[in-house]
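Next come two complexes built around chain A: one with chain B, the other with chain C.
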Partner chain A sequence: MGEESIIGKSVPRVDALDKVTGAARYTADLCPPGALVARILHSSIANGRVKRIDTAAAAAMPGVELVVTCFDVPDIAFPTAGHPWSVESAHQDVADRRLLNSRVRYFGDEIAAVVAVDEVTAERACRAIEVEYEEYPPCLTVEQAMAADAMPLHPEICPSNVLKEHSYSSGDLAAAQAEPGLLHLHRVYRTQPVQHCHIEPAVSFAYGEGGKIVVVSATQIPHIMRRVVGQALGLPWGQVRIIKPYLGGGFGNRQDVLYEPLNAYLSQRLNGRCVLLEASREEVFACTRQRHAITFSYHAWARPDGTLVARDITAWSQQGGYASHGHAIVANATTFLRDIYQDEQALATKAYTVYTNTGAGGAMRGYGIPQGCFAADCMMDDLAQALGLDPILIREKNMMRPGFVDPGTGIACQSYGLADCIRRGRELSDWDRLRRAYAQQSGPLRRGIGMAIFTYKTGVYPISLETASCRMVLNQDGTLQLHLGATEIGQGGDTVFLQMASAATGIPFADIHIVSTQDTDIAPFDTGAYASRQTYVTGKAIKKTGGLLREKLFAYAARLLGCDAAQLQLCGRQIVSAAGEPLISLADLAQNAFYGLDYSEHITAEATSHCADNTFAFGCCFAEIEVDLPLGRIRPLKVINVHDSGVLINPQLAEAQVHGGQSMGLGYALSEEMLYDEKGRLRNGNLLDYKLPTALDTPPLCVDFVQTVDPSGPFGNKALGEPPAIPVAPAIRNALLHATGVAVDELPLEPKRLVRLFQERGLI
Partner chain B sequence: MFDLEAIYRAASVQDAIAALVADPEAVVIAGGTDVLIRIREGKLAGCRLVSIHDLPELAGCRLDAAGALHIGPLTCFRDIVDHPLVQRHIPILAQAAAAVGGPQIRAMGTVGGNLCNGATSADTASSLFALNAVLTLTGPQGSRQLPVAEFYLGPGQVALQPGELLTDICIAQADYQGFGGCYLKYAMRNAMDIATLGTAVLARAHGAALMELRVAFGVAGPVPMRCPQCEAALSGTLFRDAERLIAGLVREEIHPRSSWRASREFRLQVAGENAARALRQAFIQAGGEV
Partner chain C sequence: MLQIIHLTVNGRAQELAVDIRASLADVLRRQLGLTSVKKGCEVGECGACTVLIDGRAVDSCLYLAVWADGREILTVEGLRAGDGSLHPVQRAFIEKAAVQCGFCTPGIIMSAVEIVGAGRRYTREELRRELSGHLCRCTGYENILDAVQQAVEQTLQQASS
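Coming up: the complex of A and B.
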C-alpha cells in the first residue's frame, strides 16, 4: 500500500454522501437559534461623501438592537486581500477600507449597519435610515479615472487614481520593429467584469466566547482572515478565532475578507451576542469582488513564417473602489504574456491598475490569466489569419519550450506537456479536417473551430510566501486523523489530501479521517485555498509529515518488539519485517501506545513545509461552434480541454474540476458581464439578468490529460484548480473568426454585439 | 423570510372576491413566482396577500359543447405543457408555457398570473393574442368577457377592476381548428430567462398557399401585440412569398423600445427573422407544402 496504488486512483469523494444527502452543514446551518440578524445599508451613490445619517427612526423600531454608522466605527484602515502577510511593509496589501465608510467610493458602499431580532425588522430599519450625501461625478471607466481632472478616490494612498503601475522590457524594441518585411498588427482587446457566482452567499456569524471573538465563516482562507479581522478591529490576532465549515463554492471571491470584520465588530458592540450576517445575492453581486476588466493595447510584429519578433503591450486594469488584490492581477496577466510566447527580439509590457467608482476587483479563478490568455490567443489567430498560417503552427513556433525560465520570477519549466496537449486536442477535435471543411461557407448558419493554449503557475512563490503545515494524530484503534489548515471548498481537497496522506504514511486510505473544518485555534497554519496551490504546497507538508509519522510508528514498534526500526515496513494495517513477516498490527501498536503500562506515547507528527519552488502547468482548449448569423447566436457544439497538470491524484475529481472550469469559461466567452449604468449602479446584479449559462446552454464537455511527472511536485503533480477556466473564451472567439471571418476583440461574444458586427460587415 | 403583513387563504372564488373587496390594497397571490420576488425586492414589502392558490375550480382545461377550449387561469405552466387538450388543439401554447423559466417555476407559476402581471414579455401572452383568447373576469358584480387584446392597458397594467379575478381563458374552436402554430422565444440563454422577444405565429394552409396568418409578439411594444396589417397583406398569398416578405412587414408594424437589455434595432432584427422562421414551422404544422 504505497503511493503507487492510491495516487492516481479515482476514489469517491469523502464528503460526497453528506453533501448529496444534505447532512453536510454549512455556515448558516450552524448558526444557533436566537441569533440576531444584521443588515447593511449601502450607499445609493457611487462617488461622494456621507454628510449626515439620521438613524433615530431605525433605532426606535421595536426589535432593533443596534444601529451603527460610518461615523461610529473605529478609524482603522485595513487590507482585505487574502494574501499571506508580508513582513516587509513595502509588500503589504493596500489598507484602504474601513468597517463602514463615510467616503463613498462605489454604488453600494457600506455606510451603516443594523442588528435586529430578525431579518425583516433589520431590513425595515435599514429602509428607515435617512442619508444625506455630498455627491461627486463618478469615474466609471479607466479613461475617466485617469483623466487629468479626475478626483482621486484614495488621495492618502495615491495622488492619482493609478493605484500602481509597472513595466518590463527586454531587447531593443525600436530596432526589432525596423526589420524589413514584418507584419505589424495593433489590436485593442477588452475583457469584461464578471463574478464567481458561488451558490452559497457571503455569510458569517460572530459571537464572543472566553474573551475572544469567534467568526464562523464561509471562507477559503481562515488563517488569513484571523489576521485581517484582528487588524480591522485593532485586536491581538490571538483573540480572534475563525471557524470554516463546508463551503458552497469560492472561486477566489472568498480569498478575500468580506463582511467578517464588520460582523465581528457588530457582535463585539453587543457584548458578544451572536450576530448572523448573510448577504443577499444582489449584495454579493454589487458589493463583494469581481474579475477585473482589463483592456490590452497589443502590438505584435511577426515574420511571414509566423515567427514572433517583438511585442509592445499596455494593459489597464479596472480596480473599482477598493484595492483588494490590486495590481497583482494585471501583473500576473502581463507576466503570462511573456511566459506563454517568446519574442525573438524584444518585448515591452506596461500595466496600470486604476481605481474607479465600481465594485472592487479581486481574486477570481485564474487570477488575471483568463484576461491575458484572451489577448495573447486572439492575437495569435489574428496573426495567423493575416499571414495565412494554421493557428496551431504559429503557436508551436512561438510558445514556451522545455527549459524555459521566466526572466523576472525565475520560475522554471520543470515538466512540459504543452506540445502533447496540443497534439491530443488536435486529434480529439478532428482539427485538420474541420479547419478545411469549414473554410468556405455561406448561408445563415456557419460552423467554425478554434483553439487556445495557456500556461499557469502552480503556487505564488516567489511573489509571495508559500508555506503549509500538517498534523497527523494516531487514534487508539490504529487509524489516523489528518489536520490541515488547507481548505475544502468544493474542489475535492479533502479527498486528495487523504490520498496523499495514505501514500505518505502507507496507512490505508479508509483508515485516515480528515478534520474538514478549520478552527484557527486548532488547525495547523496554512494560507488556504487559492492559486492552484494546495495539492502542491500542502501536498509537500503532507508528504513530510507522513514520513515523520512513519518514523515515530517504527520507533515505537521497534521499542515494543525489541528490533531495529530501520528494518520495519508498513504493509496495509500491519507492521512487517524486512522479509515481509507480520510483526504487529497498527491497531495493537496503537493500543500499546495509548494504554501500555510501561511506556505510553501519543503518536503525532506535525511539520511545516516551506515551499521555495513553483512550476508551470499547461493546457489547451479546442472549441467547435455553430453561428446563427441573423440571430447573432453562437451555439457551442463541443468544448475539449486537454491539461498537463502533472500526475493526477484523483482522475475523476480532476475531470470534474475541468468541467467546472469549462462551464465558467463558456459564460465568460458568451454571456456573462456585469453592467453598470451611468450612475455606477450595477444593472444586472441578480441571477436572472446576469447570464450565467444553464445546463441547456452547455455543450458536451470533453476532457483529457497529458500526465507528465513534475519533479518539484510532492507526487509529480502541479496546478489544476484554476487552469480549466482560462483558454475557453479565446478558443470560442477564434472559432467565430474561423466560421465568419469576423474578429471580435471584446468579451462577451453576446448576440447584441454580434448582430451589430454582422450588420456592419454586411453578413446580415 | 418574506416581509408580508398578512396572508388570507381564500376558500372559493367568491371568498377571494369578498376578501379583495374588504381590503382593496391586498395583492392577489397565485403561484407566487412574481409576487414573492416583488416582496423580496421591497416593492411590495409589508403587503397583505389574498391567496387563490388553493382553488381547484380555477385550474385545469376542458372543452365545452361548442368545442371551445377553456383554460383555468390557475393552471400551472407544467400542466399546460402536459395537458392532452392543449397538446392536441393548441400546441403553440404548450410550446410557450415550456419556454417559461425552469422546471420549478413552471410547477408553481400559472398562466393566469402570467397574464395578470401585465408584462409584455409574458411567454404565454403572445400565443393567447394569436389565438384570440377571451378572458372571463369575475367580480362582486358578476362576470364579464373581454378579448385578451383589450385586457392589456399598459406596462404592468391590466383591465382588472378592484375585487375582480381572472376566472377563465377561452379559445373558440374557430380560433384553433386547422391552424398550425409556432412560438419562438428569443432570450439570452436557453432556460431561466425572460424573453428579449417572443414571436407567435398561427397559420392555415392549403397546398402552397397561406390561407390565414396571425402574428403576435411579446416585447415588441409596451404590451403584447398583433400585426394586423402584415396578417392582412400575407393571408391568402403563397407561402414562399409570405416567408420572403414577413420580416420586412412586421418590422414596419412593431415598435420595440431600446433598454439596457436590448436595443430597438436588435429587437427589430430578431422579430423579422423569427417571424419568418415561426411562419415556416407553423405552415408545415398546418400541412402546407413548403
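Coming up: the complex of A and C.
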C-alpha cells in the first residue's frame, strides 16, 4: 500500500477552502429563486385536541397558495428516528407521528401549514388561522405522566405513558447487600433537557422532478430519510430522492427526520412546485429534538477499600410527546453503567421511557451516555469521598479492564487505553499536587479539580447489522472519484475518508476527489452519520473497495503489458513491477482504459461492507475550576480530555473534534437547560436566553490521545465523534465537590441552584 | 415598497431596488447571491450573518438593507485577492483547523478581518471578548482563537518588515 503513511497525517480539511471563501453551499443557499415558502402553525397548548380549525381567512389572503390542516393530511403514522430500518416488526421504530396532528401532544405541535409566495405572507396567513382546542391538563414531568390517573398520550401504542421499560440483573442483589461492613449510598442524579444548537437551523426544500419527489435537506441520514419520507407519504421509496449538501452541524438532531416529510407533502399537493421550509431558531428549539432528561435513582454498596460490590439503579427518561429514538437512549445509558464499572457481586438496572407533554427527546451526541456518565461518575466521587479514597483509585479498582465482554450485547474490549488515558490526564492536570493544594480552603473563592471517565461503543452492532457501501471511479487522467453514502456533517469525514481511500488504493491523496453531496439516486447506500460509526463502518467499506479497485487496475495493466497481475504494485502514480521498476503511469493506464483502440474498460469498484463487530473507545476528562461562593458561579480554569479512539486518521482534526465536545460538555455542565413553564411552553427557546458557551465562557481546552491499535478497526481506529462531550459535566461537578464539599446531583451547575445549596450548607 | 439604494459590495458599485422591510442579510443573499452570509437566528444572537459595513463588523440580519445606502459592504466572497490568494485570516483558519461545519465560519472570519485590520496585538482574553458575539457549536473556539492570533501576528510582522 503506497500511501499507508497518509493515515495519521494532519492533512488540511478538503472542504476548508470552500468554507472560508463562501463557495460551500448549504441547503438554503441552493434553493432556487421563486420557490414558495412554507410556514407551520404550531399548537398553543401542550395537551389536547384540535376541535375545529378555520382556515378561510388565511386561504383568502392574496399570495397564499395552499393551507393544509391536521384534518387534511393522510392518516399515516410514521417513525422519525434515524435508525436503520428493521425487517423484524418488533425492532422497528415506533410510528407515532403524522404530518400534522389533531391530537396535540406538546406545546408547539404541528397542526397546520401554509404555503405562500413569500415568508411574510405565509407568516400572516398562519396567524389568520383560527383554532379551537379541547384542552387537557399537561403532563410535563415523568412523575405526572406516570401517575395512575394520567391520560395516555398515545393509547393506540401503549395503554399508559410508559413507552417502554426493561430491566437487567446479574448476581444476587439481596445477598450482596447483606455483606457486613459495606457502605451504602443512595443518590438521585438528574440531568436536564438540552438542545443541539447546530448553527444552521433545520431547513429543506422539496420539488417534483422526473416523477419523483426531491427533498434537499440538511440531514445526517439521507438514505434513511428517503425511507421515512416514503413511509410518511405512502410512496414507494424509489420515488423519493434526497439530496444532502454541506451541513451546518448535526449533533444527532439531524439523525432524525424533521419536517422533510411535511415539506415533500406540501410540494406534492402543489403539483411538485418548489417549496422551501426553513424552521426559525425558536422552532428548532421548541419543535425539533432535544437530549433526554434522565433521572437516576442510584444505590451503590462498596467495601471500605473501594470495591464496588453491588448497584441497584433505576432510570426514568423523559421522552416528550413523540417517540423519536425512544427507549434506545436510556437503554444505552443503562448498558453503559454495567460496562464502565463492574460490580463484584450484583447489579440490577431498570429503565423507563415515558411520554410527556414536552418537546421530543431524540439522538444527541453521546446517545444517553452523557446522562449515564453523570450518574456513574458522580457516584464514584461520592463513594470516594465517603470512604476517604482518591477518586482515581476507586475508579481504577472498578472500571472496565482488558478482556471485558458485555454480558448482554457480547461487545468485547478489543483494545484498551483507559488506564493510560487516566495516567496521562493525571500528569497533564497536575492532579496529585492540586488535590492536596485545594484540600483545605476557606474564603469566598475556592478551587477544585475533578475527573470522570467513560467508554463508548463504535457503531450500533449488534442492535442492527452495520452496513456501508463505497464506490471508486477512475477518471480519464488516472485520478479517482470517491462516492460514499456516509455524510460530512462538519466532523471532517470527507477528509479522513480520502485519507483512507489513499491508504487503501495506494493512489496519492491529492489525486482522489470526494463527492461530498449525497444524492440517494446516485450515492451508494450507507445509513449515515451517527453512533460515531463512519470511520469504523464506512472505513471498512473504503478498505474493501480499495482492494477491489487495485485488482482491477492490475488486471487491466497486466493485459496491456502482457505480464502477471499478481506481480504488480502501485507506487505513487505508477504501476511498478515486483522489483519496483516503473511500468506504466496511472494516467497512461487510464487513457488506455478509456480510449484504447483494443480494449476499453471504465474501471470502477463498488463494495458493501457489513460490519458484524463493535469495539469500545475510552477516555477521561480532568477539570479544574474556581467557584465564587456568594455568586454561585463556577469559572472553569482548564479542561483536559484524554481519549483512546484507537489510531487517529488525522490528529489535527481529531483534536478539533474533541474541542467541540468539550465545549458542548461545558454548556451541559454549567449553563444549558431547556426551561418549560407550567403550561408546557418553552421559556428560553432562543440563543439569547438559552446559554450556549461563548468564547468568553470557555477556558483553555487541552487534548491528548492514547493511541491503541484496535484489531477490529479498518485502520486500527474506533469511535471519536461523540465521546468528547461525555465526561466533562461529571468532571466539573466532581471538581465542585472537591472545592466545596458540596455534592450537587442535578445539572446544570448554575448560580441559582448553587447559591441555594451553598446557603443550605452554611457556606454563605 | 421598493427603494433604490447605491452601495459598494466587495469592491463593486451596485444599484439595487430593495424592499424597505428587507434585512441586509436577505438582500446580500438573494439579490447578489452572496450566500456566505448565513442566517442562524435572524435576531442578532449567533453572529453567522456578520459582514463589514464601512469596515465594522455588523450582524446583517439586524441591519435594514436601506440603511446600507452609500456604504461599503465586505463579505468573505470579497476577501480573496485578484490573483486568488487568500486573506491571512482565511489562510489561518485553514492551517489551524478552525473550520468544521463551516456555517459560523464566514461571520467569524469577517469579525477577525476587522480585528486584524486594527493593526495591534490582542491578548487571548481580548480576542475571546471580541469574538464572543459569535456562536460556534463545533470548535469550542480554541482553534478559531489560534487562527485569529496567527493572522494578527502575521499581519503585524508583514506591516513592520
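Throughout what follows, the second predicted complex is superposed on the first by the 760 of 764 C-alpha atoms of A that agree within 3 Å, B and C clash if a C-alpha of one lies under 4 Å from a C-alpha of the other, contacts with A are read in each partner's own complex, and residues count from 1 in each chain.
One rule holds in what follows: contacts are C-beta pairs under 8 Å (C-beta built on N, C-alpha and C of every residue); 3 or more make two chains touch, one makes a residue touch a chain.
On a predicted model such as this, the values are computed, not experimentally measured, just so you know.
Looking only at chain A, is it chain B or chain C that touches more of its residues?
The partner with more contacted residues on chain A is C.
Looking at the overlay, what does A:Ser663 touch: chain B (first), chain C (second), both, or neither?
Touch partner of A:Ser663: chain C, not chain B.
Quick check for you: in the superposed arrangement, does A:Val755 touch first (chain B), second (chain C), both or neither?
first
According to the stated criteria, A:Pro159 is in contact with first (chain B), second (chain C), both, or neither; which is it?
neither
Just checking: does A:Ser671 make contact with chain B only, chain C only, both, or neither of them? Give me first, second, both or neither.
Only chain B is touched by A:Ser671; chain C is not.
Looking at A:Leu688 after the superposition, I want to know if it touches chain B, chain C, both of them or none. Which is it: first, second, both, neither?
A:Leu688 contacts both chain B and chain C.
Give one of first, second, both or neither to describe whether A:Gly249 is in contact with chain B, with chain C, with both, or with none.
second
Identify the partner contact of A:Tyr26: answer first if only chain B is touched, second if only chain C is, both if each is, neither if none is.
Once the two structures are laid over each other on A, A:Tyr26 reaches chain C alone.
So, does A:Val120 touch the first partner chain B, the second partner chain C, both, or neither?
both
If you stack the two complexes on chain A, which partner ends up touching A:Ile489: first (chain B), second (chain C), both, or neither?
second
Would you please give the residues of chain A that touch chain B in one complex and also touch chain C in the other complex?
In the superposed arrangement, which is not itself an observed complex, chain A uses residues 120, 687-688, 693-696 for both chain B and chain C.
Note which residues of chain C are touching chain A in the complex, please.
21, 29-30, 34-36, 38-43, 45-46, 48, 75-77, 79-80, 86, 90, 93-95, 97-106, 109, 127-129, 131-145
What does chain A use to touch chain C in their complex?
10, 12-13, 15-22, 24-26, 28-29, 33, 120, 196-201, 246-251, 280-281, 489-492, 652-653, 655-657, 659-664, 666, 686-688, 692-696, 698, 700-701
Flag every residue of chain A that touches chain B in the complex, lowest number first.
That would be residues 118-120, 123-124, 127, 630-632, 671, 675, 677, 683, 687-689, 691, 693-697, 750-752, 755-756, 759, 764 of chain A.
Any idea which chain B residues touch chain A in the complex?
1-3, 42, 45-46, 102, 186, 188-194, 260-263, 266, 269-270, 273-274
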